[in-house]
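Okay, so chain A shows up in both of these, paired with chain B first and chain C after.
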Partner chain A sequence: MGTASYQDRIVTAFTACAMFWAVLGMLAGVYVAAELVWPTINFGQPALSFGRVRTLHTTLVLFGFGVSALIGTAFYSVQRTSHVRLFAPGLAWFVFYAWQLAIVLGGCSILAGWNSGKEYAELEWPFDLAIAVAWVAFAIVFFGTIARRRMESIYISNWFYGALIIVVAMLHIVNSLAMPATLGKSYSLFAGAQDAVVQWWYGHNAVGFLLTGGFLGMLYYFLPKHAEQPIWSYRLSIVSFWAFVYTYIWAGPHHLHYHAIPEWVQSLGMVMSLILLAPSWATMVNGIMTVSAASQKLRTDPALKFIVLSLAFYGLATFEGPMLAIKSVNVFSHFTEWTIGHVHSGALGWNALITFGTFYFLVPRLAGVPLYSARLANVHFWLALAGVMLYVLAMWGAGVSQGVLWLSLDELGEVRFSFNDVMAAMKPYYLLRFVAGLVFLVGAMLMAVNLARTFAGRRTIEVAPPGSRVGAGGRT
Partner chain B sequence: MAARFSILDLGKVLFRPGAVFAALAAESPPVTRVFFGFALWVGLLPPVFACIGTLNFGWRLGVEPVFLPRDTVFAISAAYFVALLFGFLSSAVVARWMAVTYDASQSLGRCFALMTIVGAPLAVGSVIHLYPHVFINVLVLVPALIWSMYLLYRGLPIVLRTGPNRGMLMASALIAYLLVAAVSLLGVTVALWGSGLGPRIGT
Partner chain C sequence: MTLVLFIGDMLIMAFMIAIVVWLSLRSTRAVLDAAARIPLEDEDRDG
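Right, the complex of A and B next:
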């Protein structure tokens, strides 16, 4: 009987790991936030220094938490939207083990001081190779499943997951091209301004196709499923998919305004970023209208609350982004905490919240029982809302003050405040951000406990694809 | 009660909001009444406090107090006041627009009253602008903000007479609007400032 049902055990495994990395990664975030308030708490240990733990934070949350959640939900939804089991399940398990191992060892290598010097791609070349292999295996499983589908059309969530897989493969391979010197050190094939442009082509599209596109795939499968409503406008979702894919790829140079790259490249990046608002908001409207249409039979359970709120922050981040891409705003915001505020309104408000909502929906289905405690999940909702709001407001405050201070000149036209002055002035905001992060982290820990209790002593239940004669049948 | 909805009810609005919400649900107040009776006064508090505080103590961004010329402080405070009133009104209009989708009351008076009530804790908390030190302001305004959020989620379904589920959705949608409005304000301010408009700090 087991052979005919969907492969969901691997989904459970990815979900569990994603939760683990979420807690650990945010713990690292809280720790670096604390270091900015109390700089001595690295105790003189290189492994605990800001530079290393910060890198650990971004690596764990983006690739441990984010990507594990994306691969897990991709495996779950691609089977259900194709009405077949995963293609090459053995390979899928290889993806799982390879990915988790890469994060564990990669995390250690960062603490040990290995670093390629490229943001969000800090892991050194041995890891780059391993990641490339695992990613190609992921692609084979995913597209293999789609190729065997028993439905005619390919559902919209799969377009987004598919774009994630293809584009990230392309970005990762090109950006990681490097000449190894030793096991732990390599030199990029690109130099100078070229290196910067390639790096931010990578960096921005990692944001675009991983943190945005991938999670939109999650949204497009789990939101309608949960609201028990079709997408408000399927056509709009397709149109915005293509507009999104086409536009995002060009927007990278907005990370390099006023840097040593050609003026027209910067302007192109700015214009494309502004255009990007349209497909981004089309998607948000589509999501909000899908939930609203469902209000008749809406059970406002915790999962849906998280998803709805995540749409609000998605709206914020994708509005704020184009605005920061305008050169006359960027001249002020760049090199300030405003950028960090923008990052986390997306990362906490959108990526984390939608994943939380999805997991609250998914785990009870994997376990075949209701959520252990809906009350705990509600508490988590408020903690998450408070945490992300405080985080974003603290960083807006910090960013504006920093911008004012960086840009003020004295009688001789020299900068008026030294770096130390400015950092000292940031203390209240950093303290607030630390508290905000702690609140958010506590919420995530409650969730981990809640999900673990839901699953305790159980195994992933077996669900058969529709039309097959075995299993519980029909439940998708 | 709703017809009398005025600044004199401020204490009730802040600490016994249930009764105020129920009264607003029972009877929709006229927009002018909300404006002159409540919004105007609530909106006046932060600029007045900020003005007095900045003139007397200078604004401390953490480094050293920044003193701005009197005229500039007055101009900024006036702009602050206008921006706040515009903020209340525009969010009321947005709320009414959203109300169609969430099957909530489309009375502009109710929406307006609700949005000013949500702003009230922050406005009262802004008394701390009298001493414009960032850290102390943060300490006071954060709890005020949390209280505001609570009033929004709690009050919306009652005042606008929609179910708790839809009320929750609509409150989240409004948060999206408020956040976007806030960040736009930041963006416009710094862009104007970058182009040479606005106060000079330093020299």
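Right, the complex of A and C next:
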């Protein structure tokens, strides 16, 4: 290996694991979607019950797929935008093994019934400690690389990845503060409404800084790289970054409208959510304008198609979120499937598609060969689009139906429809959601095969910072 | 207590916004253009 070449083996390892967790996590999601249509398929086994498999699904797709993709792409882009190799490569490999081990053992613990009861933070305290250690190691490698950079400017993608690292560390540590009772059970240090506020400060900012900020880091590096165009307005990207950081941290209380928390906190959460529309759409416009300069490439390149489609869903989800945060809308939408549809228009439409587009670009570059099948990638594109559209439409239909039925009162002011009536009305929507998830999963499986075949034909390639000398031999 | 937290946070935000405005005004067009081109000129591929 040339001493100056970038360290990309770790990027390959994270990418491979991210694809593995994507398929497994989405499979778990399709299974729980099927359980809502055919409840008996849990076969009376606690490990296959909805509560456990649904938690496994969110853990695998968020932390297995999403975070593995984020760490891998952060390691790839921070070296290049700093013109240096990774700082402390041994520590970077520690991050890889620690993170994957935490996902494997954490997933098993969820199926065994260990659960802290905090949404998107269900793993119990031993895993919380392990995650904190791995995350700090990630921070050391990332910021150490930036500290050694040979460039004057810190590129915008690194600001987003940096915000992801700092804020998620803060959220995870504070929200996980707990008193262990046994190895598999702990109790939060916060109680009642305070616990709810801390939980949704964590929950919404995990959405903000992990699923939005982190993936914007991915977008700001890989979109210009792939479009072979600089970002349309660099100044706009900086302004939208800071506006995003300032406002997002306040938006969490919109999850607790009409709950036992101060009224002004709820209203502030709503107002900050509405303000968030400005930086979100500024980013979307910046991305679309960057792509518009490479419109010829868009016609033939499946990776770029995924990235553009992800921007459209980013715009949609970041419009829908602030609307759902308006208190008068929230009366109707809260606790309905509309929220699930909103989450998935972001998670599938934005996070998964931007990652798919990035991987279709990244893996051929890591392997030093063209993509195994562009045709298969195009099939995947249409399956992904069909899957996410069907999913979102099914959940919108289900959510609006639930909202109407729940708020429907009879002449005595009593609710007109029972729980069973509402559940019976959900069956066609739940069936459609299962089909949508299956279509999306099949697309992801095709992608995994396509990328594996691409990597199987890899050849030796050295990639180094511009102007540096590369030694002979070896794979990077 | 909540009021103290709220006012404190708003003051911090005002301070950070001032830093961003200062940094934005400080950056010249040439510096921003050079920064925007970083991903386009960051690899020397061999093989």
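The criterion applied here is as follows: the second predicted complex is superposed on the first by the 458 of 476 C-alpha atoms of A that agree within 3 Å, B and C clash if a C-alpha of one lies under 4 Å from a C-alpha of the other, contacts with A are read in each partner's own complex, and residues count from 1 in each chain.
Just so it is clear, contacts are C-beta pairs under 8 Å (C-beta built on N, C-alpha and C of every residue); 3 or more make two chains touch, one makes a residue touch a chain.
Everything quoted here is computed from the prediction, not taken from an experiment.
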Message: Once the two complexes are aligned on chain A, which partner has more residues of chain A within touching range, chain B or chain C?
response: B
Field: Touched partner set for A:333, first chain B, second chain C, both or neither
entry: first
Field: Partner chain(s) touched by A:409 [first = chain B, second = chain C, both, neither]
entry: first
Field: Partner chain in contact with A:153 - chain B first, chain C second, else both or neither
entry: second
- prompt: Counting only touches as set out at the top, which of chain B and chain C does A:228 meet: first, second, both, neither?
  reply: second
Query: If you stack the two complexes on chain A, which partner ends up touching A:23: first (chain B), second (chain C), both, or neither?
result: neither
- request: Could you tell me if A:462 is touching chain B, chain C, both of them or neither one (first, second, both, neither)?
  value: second
Task: Pick one for A:315: touches chain B only (first), chain C only (second), both, or neither.
output: first
- prompt: Any idea which chain C residues touch chain A in the complex?
  reply: 2, 6, 13, 16-17, 20, 23-24, 27, 31-47
Field: Residues of chain B that touch chain A when the two form their complex
entry: 61-63, 101-103, 134-135, 138, 142, 145-146, 149, 163-166, 168-169, 172-173, 175-176, 179-180, 182-184, 186-187, 190-191, 193-195, 201-203
Message: Per the contact definition, I'd like the list of chain A residues that touch chain B in the complex.
response: 284, 288-289, 291-292, 295, 298-300, 305, 308-309, 311-313, 315-316, 319-320, 323-324, 326, 328-329, 331-333, 338, 345, 385-386, 389-390, 392-394, 396-397, 400-401, 403-405, 408-411, 416-417, 421-422, 424-429, 431-432
Message: Which stretch or stretches of chain A touch chain C in the complex?
response: 6, 77, 80-81, 83, 151, 153, 155-157, 221, 224-225, 228-231, 234-235, 238-239, 242, 246, 262, 265, 268, 368, 459-468, 470
